[in-house]
Amino acid sequence: MKKLVKNNFFVLILVLVIVMAVMSGMSDYFLTADYLLNATRFISETSMIGLGMTLVILTGGIDLSVGSMMALSSVCLGLTCQAGIPAGLAAAVSLLVGIAGGALNGYAVCKMNLPALIVTLATMGLFRGIALGISGGSAIPIPKSLYFLGQGSIGPLPVQLVITTTAYIVIAFFIYKSNFGIYLKGIGYNEEVAVFSGIKVTWNKVKAYMLSGFFAAFLGILFTCRVSSAKADYGSNYEMDAITIAVFGGASLAGGKVSFAGSYIAAVIIVLIRLGLTTAAIQTEIQSVIIGLILILAVAFNNFVASKKKIEI
Amino acid sequence: MYKNRKAIKALLVFYVVILGVMIVKAPAFFSFENAIDILLNTSTTAIAALGMLCVLLVGDIDVSVGAVLAACCTMTGILAKAQLPLAAVIMGAVAVGALLGLINGVVVTVLKLDAIVATLGLLSIYRGLLIIITKGSWINGLPENVLKIGQGRWLNIPIPVYITVVVALIMWFILNHTEWGRNFYAVGSNQDSARLSGINVRLTRIAAFVVCGVLVGAAAVIYTTRFGGIQSNTGKGWEMTLISSAVVGGASTIGGEGDVSGVFLGALLVSALGTLLVFFGVDALWEQAVQGLIIFISVASYAVDFKKLKLRLSGGGEKE
Amino acid sequence: MKKHVKKVVSVLTVAVMLLSLAACGKSDGGSSSDNGGDSKDKVKIVVMPKVVGIDYYNAVQKGVDKASEELSDVAEITWQGPTEATVDKQIEMLETIIPTKPDVICIAANDPAAIQPTLEKAQEAGIKVVSWDADANVRDIFVNLVDYTVFGNAVIDSLASQIGEEGDIAIITTTFTATNQVLWIEAIEARIAEKYPNIKIVDTREAGEDTQKANTLASDLMKSYPELKGIIALGAPNLPGAVNAVVSAGKTGEVIVAGNSTPNTMKPYLEDGSIRDVQLWSAPDHGYLSVYTAYQLATEGLEEGKAFTAGDMGEFTPEKDEISMSIGLPLVEFTKDNVGDYDF
Amino acid sequence: MTEQSFALKTKDVYKSFGGNHVLKGIDFELYEGEVQALLGINGAGKSTLIKIISGALGQDRGEVVIGGQTTKNLTPSKAQALGIATIYQETSLYPKLSVLENLFVGKRMKKRGLLDWKGMEEVSKEIFKRLGVDINPYEKMENLGKASAQLVEIAKALTINAKILIMDEPTSSLSKQETERLFEIVRMLKAEGTSIIYISHRMEEIFQITDRVTVMRDGKIIGTKKTKEATTEWITRSMLGKEVNNSLEKSRRHVGEILLDVQNLSSGNLFRNISFQVHRGEIVVLSGLVGAGRTEVMRAVFGIDGFDSGKIFFKGAPVKRHTWDVIKQGIVMVPEDRGRQGLVKEISAAENMVMAALPEISRMGIRNRDKEKEYVEAQVKGLLLNPPAAGLDGGAYSGGNQQKIVIGKWLNTHPELLILDEPTCGVDVGAKMEIYKLIVSLAEEGKGILIVSSDIEETEMIADRIVIMRQGMIAGELSGEADKNAILGLALAGKEE
């Protein structure tokens, strides 16, 4: 718990409470169970794209291809289902595509020593291009059996919420408890030390990119199942959302420092602001100004707190 | 004055390969008119990519350029519609670019934010404000005197091509022969020692953002006057085009590396890709994928060690 | 302790800024007409375009505003849409609007299939659904622009008559993922197969909604296919780009351009003869009609074959279609003679 | 002496960082045309004083008088204008720029308002000629080695006609020859009237080159003496505040079987035909000049870089290719550059110390915190880490203790052979002895020790056997009793003198 507070978690929770208060003041519908439960579908999706990004940022990299990968996974799911492959297998194919795409990113970044920003900028175009090419651009319906993943509930909780929260807990737990976590942290802060410590730097970094691809693909599946058809234009600009969430949650783009709990709460805050403003009938362009301001202020504030802390030590 | 010859070499090899393929597959590609058209289409990208180069040189990045372009275009349109003289229109557009660049630079350096995060937030703010201010309406029907910039020709070569060449020369001059230009490189290469060498690091970084804004403003004038109309959503996703151009041209995203000739070649490749693919007859559905692949390959080719390759080609295996 | 105080103060500052921004946003946001009265008695209608911040939907909004003013005593109308024309953003917005229980949602769907579950949910919640502009699979009524086939036919007919019903043509579309574009292109292809055996579509490319890209594409296409006789440019920003390319290549009259765009954009080109006619409909009328249809649906209900009065646009009669029923707008062809009559 | 004028004077300078008082009333005086040594263990406040003099930091209280002129709000550029040039210990160069560019950043030459590249090139060639080195001004900085980088750093200070030159460990990566040349330059500059503040941990250099010695401890000046009148004992006592025992026990070690056997190792033009052995319980020092290829050989052995031909055996079995496998076999390496290769400064000492041993401590990739704690505490105690807690971030410890953390990291993997590359570089005198003692005790435990060292005194003191490399090849092998001259002779000329 001490660690969480240190990661600006406290500040994020406070911001969340304030956002909730402001939003419920603006709209009577906001603080209802129905509304919030429904909102968790979007929160879950946004936070899932942030999960992969947080992992990659932990290694000191960045992955701009997540939005495109989400579209590619969606289209793969649609096409394989259309070809008569059973739904479960089709989903597995999509996830494999995600892992393969992540491996490509990871290979180019780690083995060829190219900057992550550039590599994933290129694959961002490549993945979406492939999605467009194989789908022909039109929407592909998916079988009804898959709808549960996107539209169903487990008890009162939407499926996405359960899946994403589980994913966060598993990853955060894993990063905290496993060698992989400290390896990624070491690599993120100082890659050369990691090399000299006998850590399999390339492999661990590639794993982070593969996980990022995996979660992007997973989101592609969940999203496709929610909207019941696959299409190549899903997930545009999601990479920006993902970066926003990770950084807002306390990650440093220089690597080594991230917070999974922070990313999760950041996703909740950002999505609730967006949804709340829509419900309150605030125009989208004003929303974008507000969200931009909040991003800058929040990150500036995080930095401010962090720098204060450094001097105190 | 160290030049990143490697990127330029890789790009030139790339050009030779592409042109070789084109000669076989689509000889119609090689016409004076087409060459001019390609240069014309490159003009806005090349000018603004040089601005992006400055920001990359100091080790920052600006993803708000698309929104800045839209703002500058709008200013161009408004001033032109007000029947102001050409010089005033240009000044206005460039001033808006400079102002937004200044805001970017100040937010990044004073609040000490990652440039990518800060300009991402500002992108969202600029876009929103722009729609609020213009109510999303388009500006049409610009007067003839300003359209001359985008549509006019001199000696059968479009004016924007001249502007691009002049801007490139000026930027080459600034980056290689002035104190400020070299300071961009120094700050991007090692910020701490730049500070110890007495360079005002913050001011230099802000200056890079302002230069970027100014050049985007200049690009906006051409962009607006070529078609005489401005959409409020102009420049969406443009940041990716500019970053690709600069990076394909050998600029480093962590600063200190990159030059004008490389970025110009990069911009040329990135903006000519569409044309290439049309001539090549690539299925339009796959166009985006092929473009992504080509950019990927051109960037990946920097990882190839040319010295080693040469060694291997010329008999190789000496090492054993 | 001191540190915590500082934190709290800063957070509160951010919150206050947020609040004030949101508040000022609300006061001038949208065309919601909250000029007094008990809003509970009013019919609440949400009109959602595919995207906000582009000229075309601004024109539509003018019609919505007009209807909204006329109905201000009996209805509360909100205009809300995403800043990107993608279905996921639209779904997210709808999902957050449904809990506010409006009476009618008017939606220009970015994708008919993807938005289906959301619209079903709205209907279950007792909300009536009107689709407009672009159809959805679930709705009570569709306020069509102009029937896709009618429109596609009009565009190709215009082009065919100018090129003598033969030769190579190319199409510049916005994106391959946009439904209306897909249906228009299908209609054009069908019409060619049926009526114009000597016309051949040599290439179809996407330019997004980007005038420069359309311009580049058009000039590339002309060079790549020297025999090209015509270009169909679909999408309001694309048509001027294509026309401009033909003009600057000095091929006015040799290469004919046809397509859809807004009258203000195309006025100079229509007037100097670079293009003969532009197909569209009256965008403000479309918004106006959609609101009146929604209001009628919420108050007295609509039945097929039974006419209703849509403000000053006169009477419209819903007709049965494969999902429910629909009404349609008349096609408008802008030429240099009538382009001055429209302002959007 | 009294009539000599001051080039620099600080009066009662105080500086503190967030409650931590680093300088407590410094009165420092530098005569014109003298070379003054500034000594003190890490944390004594030397670097802070230098940063204040060169304008990189501002003082809280007190005055800095330069050339008789009291300065106000000194900034780096103002200090430069006043003729102060600083050669920092951590090279402050621009890796992506050319050598020429590096020399002139912040003070570029201009002609009619434009940069005068030709002029700068001429000046740079002149300076390199004066330094007697051959460096291409258009070479990219990152392509130069560390020694050349240090020379560029010195050349950089020469580009402004400095009145006061501050040299912070200028010889730390220079060879003997280069050091000699540097001293010539220092004498030349001195003759020209330049005043020099010289910081070094190498006693021999201090006596060779400086006129006066000032010792700092705990943010105060302990004393200043003429070098001729100062003794090593006085200096070390002043630095540490106590007597140090400089002798090491060599005899108790028992040399066992061969651990490491390198046979005919070659890699490109880095090194050729390298063969040597390290036995159990033996300390072997790989000596030679900087740039002789020693670090490169170590990197190849440790699996960081590949090699072209030759064989490496460990306990009779071939050494594997990847670092992680090499570590498992029982070989570890404490790299030369602590900050960049040895220690992650941003994570805790504890995490640093378990990082390499995780495969052993964890089960199926899941960490065992209790076991980790045991491992860490054993090292904290065994290595006498100061402060004796492992919870702080790695960067918060002093240089010597950082080195202990790195060694602790490796001891946790239970290695049989330790490679230490310049283990006492940048470590102050007191901590140096602790590290030597530690190394000796490890050898006594029966571990093989392979040290790369450029410090001849260190080599003499600690080595059982000395292998000397010169220009990428083995120049010879000497026993631990060999004297300085023999080692130097092999390192410099390839023959014993």
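Things worth noting here:
Letters A, B, C and D mark the chains as written, and numbering starts fresh at 1 in each.
Convention: a residue touches a chain if its C-beta (ideal position, glycine included) is under 8 Å from a C-beta of that chain, and two chains touch if they have at least 3 such contacts.
Given the structure is predicted, the values throughout are model-derived calculations rather than measurements.
The chain with its Cα centroid farthest from the Cα centroid of chain B is D. Measuring from the averaged C-alpha position of chain B to that of chain C gives a distance of 33 Å. Inter-chain centre distance (chain A to chain D, centres taken as mean C-alpha positions): 44 Å. Mean C-alpha position of chain C lies 70 Å from that of chain D. For chain A, residues that reach two or more other chains under the stated contact definition are 132, 136-137, 283, 285-290, 293. Residue positions 127, 131, 136, 252, 285, 287 of chain B are each in touch with at least two other chains.
Contacts with at least two other chains are made by residues 52-53, 83, 176 of chain C.
Inter-chain contacts, as defined above, occur between A-B, A-C, A-D, B-C, B-D. Residues 1-2, 176-179, 182-183, 185-186, 188-190, 192-199, 252, 255-257, 319-320 of chain B are the ones that touch chain D when the two sit in their complex. Of all residues in chain B, only 26, 28-29, 31, 33-34, 37, 41, 44, 127, 131, 135-138, 140-141, 151, 223, 226-229, 231-233, 274-275, 278-279, 281, 284-285, 287 touch chain C in the complex they form. The touching residues of chain D, when paired with chain A in their complex, are 17-18, 302, 304, 322-324, 326-327, 333, 335, 340-347, 351, 354-356, 358-359, 362, 365-367, 396, 409.
Touching chain C in their complex are the following residues of chain A: 10-11, 14-15, 18-19, 22, 26-27, 29, 32, 34-35, 38-39, 41-42, 132, 136-139, 141, 147, 151, 223, 226-229, 231-237, 274-290, 293-294, 297-298, 301, 304-305, 308.
By the touch rule above, chain A contacts chain B in their complex via residues 62, 108, 112-115, 117-119, 121-130, 132-133, 136-137, 240, 243-244, 247, 252-253, 283, 285-293, 295-296, 299-300, 303, 307.
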